[in-house]
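Shared between the two complexes below is subunit A, which has subunit B as its partner in the first and subunit C in the second.
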Partner chain A sequence: MAQEKSMAAIPEFLSKAELLKQGAEARVYRARFLGRPTIVKERFRKQYRHPLLDEKLTHRRTVQEVRSVLRCRRAGISVPVVYFVDYTSHSIFLEEIVGSSTVRDHIVSSPPSARCEGLEPLAERVGQVLARMHDEDVIHGDLTTSNMLLRCGPEDEVSELFLIDFGLSYISALPEDKGVDLYVLEKAFLSTHPHTEALFQRLLKSYAAASKKSSAVIKKLEEVRLRGRKRSMVG
Partner chain B sequence: MHLTHELELFPGHKVTQMLFKEVKNAAELRQCAVEGKINGALINPTMLVNPFQVLVAANKAVNSQNNGKMKTRSLYSEIIFNLSPTNNISEAFKRFGCSDGDDSVLVVLIHNEDESQLLADLTARVSGRQVPVEEVSSLTDHAKVKKLYKVTQEEEKSGTLLDAVVCRMAAKDVM
Partner chain C sequence: MTIVIGFEGSANKIGIGIIRDGEVLSNPRRTYITPPGQGFLPSDTARHHRAVILTVLKEALEQAGLKPADIDCVAFTKGPGMGSPLVTVALVARTVAQLWGKPLLGVNHCIGHIEMGRLITQADNPTVLYVSGGNTQVIAYSERRYRIFGETIDIAVGNCLDRFARVIKISNDPSPGYNIEQMAKKGSQYVELPYTVKGMDVSFSGITSYIEEAAHKMISSGQCSAEDLCFSLQETVFSMLVEITERAMAHCGSGEVLIVGGVGCNLRLQEMMGVMCKERNAKLFATDERFCIDNGAMIAQAGWEMFRSGQVTELEDSWITQRYRTDEVEVTWRD
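Showing the complex of A and B:
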């Protein structure tokens, strides 16, 4: 009894927290934890999956997220600090990047006229950070402009770019995996932000300039694009 | 001077930290802890960067206790274990536990009731000078902390030492 009651500590806590996002696999909350502004990501079970398989997959996502965050931090890439992980409720407690907005919102809210030139420094920054991440052999697995946060520094200062949402990430040195990672971003980027082809080219250019192993990756990206096009012509 | 924080996940569970300098009876205190006369964790403050680090360890200890997943025998040894970046228990005690010759000690208590009596009992046992817990940052042995937690130079450019330490504590089960 006592055990059952205490095991409910985290669900109980989350029931009083502010729900930010209800996703397909996870709920994201905002709360105070150990006195600090915190984001809690709770992965819940999917009813249609076999319970054992579900438990395994959910556990793996949580573990992957924690490992990749640490690997990125070690390489000096800005990612939220992990405060606490509970593998029973599959919850990760992360530093809240206070005063940030997603790169997506940032692009959407900028006036269309500025959408290309004004955003170039941001696109270049994204390219550099992804280059650093890939040089560490971290494949993000879900690169979108919603999974990047921008924290604006005080007036005039450059804003800091954070990567988040590493649940689908894994470690690989293969140019193919890195190329696919960029392809996923390209698709998401161009469909979320129409008419930004030139901007995305800037991103790739700065990626290519910053990554030590970029030529093989860009080549793979081109191959994957072709394959994607062929598939859509057939299907 | 002490710092008390009620754990948000475990309402009613409070964590109190007290810091003492110029301690003359570390060996005796350690003996008291072993015998259960001191119901608390005695920590070597030179391995601490910030009181937040202790809160992270204490929260995790209470959670493990509730889930029946403690790696050590008591809540207090679990706090010391959680501070360490590795899963080696004796190593954790050597690095983070108080040693006989230490001249400073940070005491952590976990309690439900009001802390005033507990504090009085503890202060009576320590022959040393109590200072504000925040002063722990002035005792930190930065070189040792960086080496033990394997903090990289790259990492220090983009985040604080506390960030680096806390991340490793939180991630150690899957490393």
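Showing the complex of A and C:
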């Protein structure tokens, strides 16, 4: 009886919260929890998946997300604070980074001529943050410019760069996995923001300078890039 | 009025099709089918194509009721695909182009699939899932390129299915994928298999090696039937495909999905994609086996677009290539 009551509690709480967006994986709500501005990420059931597969995947991704966020936090990387996790509804209650916008919006809103100027310091910072994350052996798994938030500080002060959305993340020390992580970002970056190759190179250079284990990773990145070209494309 | 003939033979299907201003006048095809447990090798495939290509060419012209003089352009698959089959077909295309005095056009196979899908379904600007034995890509059009948003980082989904079919020795007639689909309908037990999505990309080599190794053990120990494995494999790999397609749609803000390529014939994949689309209020477009599976008309259609926008391939540039990225082609026929 008590368990039934608590099982209904989260959906009830969310029905009163503000739905911010419905992504491919989860619904994201804005609410107040323990007196703080909170983002609730609720992974919902995907109807197209077999129920057993869906349950396994959803649970795994919830656990991985929380684990990676906590690990990053302990290493001093800016990520939202985890307030609460419910494994029945697969909901994660996170700190809302108030007053932030995605790096994607930031790049898109820049005038085209300035696309590679002014965004360079930003690219360098992203490289540094990713280097720190990889040195912590956290593989984000879904690096895109939509998964990075920029919170503007007072006036022209340096803004804070946050990483979010660790649903596909896992722990690995392998240069291969880190290389693929950067490859995923490179592809997402260049397809979302055409003609920004130079900007991305800046990012990689900054990554290489900031990470202690970068040379093996960059080498793997180059190998992975070629795989797309060397693959047999029959049929 | 523009009439284009298209030659396709990059894998085990050889097809020649004729298109006149968006109308498919003919589209005959032959498939090289190997015994169960065997894949198809380049030289044998080329030999098969050589044996039938002139017959298929005759059929294409007769069924369309046309003579060589009526053709405006000869399109052929420049790549990607298997070397010797591509050469065989390109050779015939070059010869007839010179015999008939018509311009040549080398077409990208993947773009053939996309343009045929667009023609048949009339989808406006969809996120395209191109899935076949040799390719697995999520593509969206942007600024004169078909950009690859997500793809397999190792083997194609069709390759994974074909290899599994060989392991359990399913017939390759009419195609291994079709027979897996029929067996899957009789399966019911879900067996957990490796699921690998990396951002917008997928990886099938893990699940392929797992299932190649474990299939016989699982079946002989009675843990599950071959039908259950077919069912579980489909559920798993198709879920991966639907997931990366949905991510690309969310990223691009797209409301349409078009599935092309041989694996696109699979009704379960179409069903799952349909469920995902319904949840997002998006529309699903798919074609049937005439156009999903490699065929000549799709090359003709892409050729028709390219030709009308002023492209032509000179004889010295009409070489074939086994590797040819979808995003290498400048899409001059769209804004």
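As a convention for this text, the second predicted complex is superposed on the first by the 225 of 235 C-alpha atoms of A that agree within 3 Å, B and C clash if a C-alpha of one lies under 4 Å from a C-alpha of the other, contacts with A are read in each partner's own complex, and residues count from 1 in each chain.
One rule holds in what follows: contacts are C-beta pairs under 8 Å (C-beta built on N, C-alpha and C of every residue); 3 or more make two chains touch, one makes a residue touch a chain.
These figures come from a predicted structure and were not determined experimentally.
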Quick check on the superposition: with subunit A as the shared anchor, is it clash or fit for subunit B versus subunit C? fit
Rounded to the nearest 10 degrees, how wide is the angle at the Cα centre of subunit A between the Cα centres of subunit B and subunit C? 140
Touched partner set for A:R49, first subunit B, second subunit C, both or neither: second
A:K212 in the overlay: touching subunit B, subunit C, both, or neither? Say first, second, both or neither. neither
Minimum C-alpha distance between subunit B and subunit C after superposition, to be given in whole Å. 22
Show which residues of subunit A both subunit B and subunit C reach, each in its own complex. none
Which bits of subunit C are touching subunit A when the two form their complex? 10-12, 79-82, 109, 132-135, 140, 142-143, 147-156, 158-159, 190, 192, 195, 197-201, 235-236, 239, 242-243, 246-247, 249-251, 261-262, 272-273, 275-276, 279, 294, 322-325
What does subunit B use to touch subunit A in their complex? 5, 7-10, 52, 55-56, 59-60, 63, 66-68, 152, 154-155, 157-159, 163-164, 166-168, 170-171, 173-175
Where on subunit A is subunit B touching in the complex? 3, 6-7, 9-10, 13, 31-36, 63, 66-67, 69-70, 73-78, 81-88, 93, 95
In the complex formed with subunit C, which residues of subunit A make contact? 23-24, 46-50, 52-53, 56-57, 141-144, 146, 168, 180, 183-185, 187-188, 191-192, 194, 224, 227-235
